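Here you go, one structure.
Order of writing sets the chain letters: A, B, C and D. Residues in each chain are counted from 1.
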Amino acid sequence: MTTTIAATADEAVADVEDGSTVLVGGFGLAGMPFDLIDALIRQGAGELTVVSNNAGNGDVGLAALLAAGRVRKVVCSFPRQSDSYVFDELYRSGRVGLEVVPQGNLAERIRAAGAGIGAFYCPVGVDTSLTQGKETREIDGRSYVLEYPIKGDLALISAHRADTAGNLVHRKTARNFGPVMATAATTVVAQVTDIVPAGGIDPETVATPGIYVDRLVRAEARGLTVRGAR
Amino acid sequence: MTTTIAATADEAVADVEDGSTVLVGGFGLAGMPFDLIDALIRQGAGELTVVSNNAGNGDVGLAALLAAGRVRKVVCSFPRQSDSYVFDELYRSGRVGLEVVPQGNLAERIRAAGAGIGAFYCPVGVDTSLTQGKETREIDGRSYVLEYPIKGDLALISAHRADTAGNLVHRKTARNFGPVMATAATTVVAQVTDIVPAGGIDPETVATPGIYVDRLVRAEARGLTVRGAR
Amino acid sequence: MTATGNTPPKGPVEHTGRGPLTTEELAARVARDIPAGSYVNLGIGQPTRIAEHLPPEAGIVLHTENGMLGMGPAAVGDEVDPDLTNAGKVPVTEMPGASYFHHADSFAMMRGGHLDVCVLGAFEVSARGDLANWHTGDPDAIPAVGGAMDLAVGARRVLVMMKLFARDGAPKLVSECTCPLTGAACVSLVCTDYGIFAPGPDGVRVLETYGATVADLRERLSVDLLT
Amino acid sequence: MTATGNTPPKGPVEHTGRGPLTTEELAARVARDIPAGSYVNLGIGQPTRIAEHLPPEAGIVLHTENGMLGMGPAAVGDEVDPDLTNAGKVPVTEMPGASYFHHADSFAMMRGGHLDVCVLGAFEVSARGDLANWHTGDPDAIPAVGGAMDLAVGARRVLVMMKLFARDGAPKLVSECTCPLTGAACVSLVCTDYGIFAPGPDGVRVLETYGATVADLRERLSVDLLT
């Protein structure tokens, strides 16, 4: 249904429930929806399963959500980074669960959820510990593992610009997981730096069509992506 | 490897072999690579399997290739149109084979070939005659059919503009199968109306990255898409 | 014409002081069933006419499976652009807020259940909501499915717009489809010239009739009609 | 330094009048093995350095799995843009002819076999070309795979760039990997400071040595070396 524009990030995430699965865009800090994560921390929902490429950097964004004790489990490809100390401590003390998924499988499984694909045979990770116990099949002489969709109750993403129809354009490698996560969650919230009237974005350049976006909110400030960066 | 620019459409398809599977872009006439098909007719390869949404309109494009007797089998979603008389006659007289594939399955199976997916479970066509004999599976209470990739030896597509790095931008609904077919064939040839230097296309707007495009050729004239249209 | 009061009627509304709906009236009737703000795919043929009856202020966005959201009306004169057509290959226009995407993305959008409504024509619909609209079953016909099967599973609500009776008088709302199926148990609502019906696992519920009573329709249909 | 004459040598080329390759020399050596016009993904860490040794006129296009083709050198000063990084999250630049795409498209590109070459670091490579580069096997380590497994299956040729021996002197080219695998039988070429090796179903073929003879390496490695 129609994309709505929330007055604040707090309003945009006001109805998140405990136990939700939240897809969080971004690759490291690029494309990370900082305002929305901060609002989610204020909103207070807990027992969350977070699906994202990483598990937080420094003390901001996902790391702050983790530090607030709101996350039960992280599904990601690369939790361990030089500044992932918040996650590291929680994980080592058994206070957060972890499912490690190869990065491309993470993206493709999210796409499958958004594209109505029930499961797919993937050649990545065959004969490795990350696919142990998963169903395998030989197709045309090659081995594949059966992978299932990852769907979210909520997706929080960041984009460069939106129009009032909810169409999004992204910027450089900050695009990363945004367009895919937007297809795969019941409620999709995007923070953007600017919202222009419908017709203000060239229809050929839309990377995330408005049909996928439920709520928009203007990010308070651009350049947040470098706060705490290393 | 690097995209090359062919001087003529004939040069671009000079090495097509008998028995090839050829993915042909376009939806009706929009995005149909007329120059390349005409060159393929002159080149003479036969016993082709053609994968395309339709099976030709009027006497041009795919219809001309069919009329020349070069096609053994058509894999498509919608052969029957008010002006598909060339195909209709060949089919009724048993001179061309036909595999009908739901349109979205056609696109997704081509994508799977390009994306290294071995097979996927699809909810389309369950309990219909088009999926009879195919493997099915219940996943989370819903029925799915196992669908396999469709790969081409050659893809012939049309785009609006290219740069010398092989990046393509398309135009409106003429984009249709082009970006997907470009991922799924051993050799990909694109006819375009214009070729600009690398850097002449905004990197955010590329719909078909150059890595997928082997050969470019300038279309002799724009507006060919209306020749014989109805 | 329809019951829009605060107290919904218990049974079907019988519009008997008139004839069955004309195609244009039916298109308008279906249009009223599409909520404001919906993303909608209108199938080739009669459903295309619904577009003219959608109020512009409702902000309904049309999808065409050949790769566009925000499709506008049919193109006329200088607007005609061979690169911009609908799924029926008819030249169309673009609305503000439109977007283009390739076929795999377009059908992922459908298959993933992101469209709110699609409206399709039909040869037959069964009491449980099976849809037959791609093949008459005539062994001499050249099979052609297009996006019909994808659409049948690809919207939250699948509406059928059709005449209730074929030219020979045979009902098209049936106990079991005789034509090859497009999709099983996928139709939410059947909108016809003689009435609006909701098929389902328990049978067909009549919501409205036009130019006929429920009793009249019971005589002409072989399906049980729930009220 | 390498044999580029018209008559290729029958056995490996032993470069014994010198020490093993420095990291920079190794990066340059690997760079020479990447054909002009290739699409290449350079893994995080040492392989990143190969970029500096690719001749600009070769038209080699770099892919970064976070969604870009046509990646340029690391960004300096005003070029730094938080929205433009490589897979190691280091700010980079954009070359003419670049393109951006989302993660699913980026990994489809890899998984579909469209990259000509990727170069990865490794903890261990086995004689048949198994790769271990994502996890040391240390039970206390936090597992983190990133795109390693996708890259291992996602290029026509997978090159490994590593030192031949770990700090403790243990060989990293082994009969069987002891670390958890990233991919099985996926490595085409192992480029090390002491030599270039081609693993395969029949065992490891030595192509070149640096600062050591094949005989020297046979003494220090537990794998059979074919010549």
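Just so we're on the same page, a residue touches a chain if its C-beta (ideal position, glycine included) is under 8 Å from a C-beta of that chain, and two chains touch if they have at least 3 such contacts.
Since the structure is predicted, the reported quantities are computational estimates derived from the model, not experimental observations.
Chemist: Can you name the chains that touch subunit A as well as subunit C?
Modeler: B
Chemist: Indicate the lowest number of steps between subunit C and subunit D, counting one step per move to a touching chain.
Modeler: 2
Chemist: If we define chain centres by averaging CA atoms, which chain lands farthest from subunit D? Would you check?
Modeler: C
Chemist: Measuring centre to centre with CA averages, how many angstrom lie between subunit A and subunit D?
Modeler: Their C-alpha centroids are separated by 30 Å.
Chemist: Using mean CA coordinates as chain centres, what's the gap between subunit B and subunit D in Å?
Modeler: Each chain reduced to its C-alpha mean, subunit B and subunit D end up 35 Å apart.
Chemist: What whole-number Å value describes the gap between the mean CA coordinates of subunit A and subunit B?
Modeler: 33
Chemist: Residue numbers in subunit B touching 2 or more other chains?
Modeler: 108, 111, 115-117, 122-123, 170-172, 203-204, 207
Chemist: In subunit C, what residues contact two or more other chains?
Modeler: Subunit C, residues with two or more chain partners: 68, 94, 100-101, 108, 110-111, 153-154.
Chemist: Could you classify the connectivity of these chains, where an edge means two chains touch, as line, ring, star, complete or other?
Modeler: Looks like something else, not a line, ring, star or complete graph.
Chemist: Which chains touch which?
Modeler: Applying the touch rule to all chain pairs gives A-B, A-C, A-D, B-C, B-D.
Chemist: In their shared complex, at which residues does subunit B touch subunit D?
Modeler: Residues of subunit B touching subunit D: 1-2, 111, 113-117, 163-165, 167, 183, 197-199, 203-204, 206, 209-212.
Chemist: Subunit C touches which residues of subunit B in the complex?
Modeler: Residue list for subunit B touching subunit C: 27-31, 53, 77-81, 87-88, 91-92, 98, 100-108, 110-111, 122-130, 160, 170-180, 207, 223, 225-226, 229.
Chemist: What residues on subunit D touch subunit B, complex-wise?
Modeler: Residue list for subunit D touching subunit B: 35-39, 59, 61, 63, 68-70, 94-101, 108-116, 153-154.
Chemist: Quick check on the complex: what are the subunit A residues that touch subunit B?
Modeler: Listed in rising order, the residues of subunit A that touch subunit B are 108, 112, 115-123, 137, 139-140, 142, 144, 148, 169-172, 202-205, 207.
Chemist: Give every residue of subunit C touching subunit B within the complex, in rising order.
Modeler: For subunit C paired with subunit B, touching residues are 64-68, 81-85, 89, 94, 100-104, 106-108, 110-111, 135, 141-150, 152-154, 180-184.
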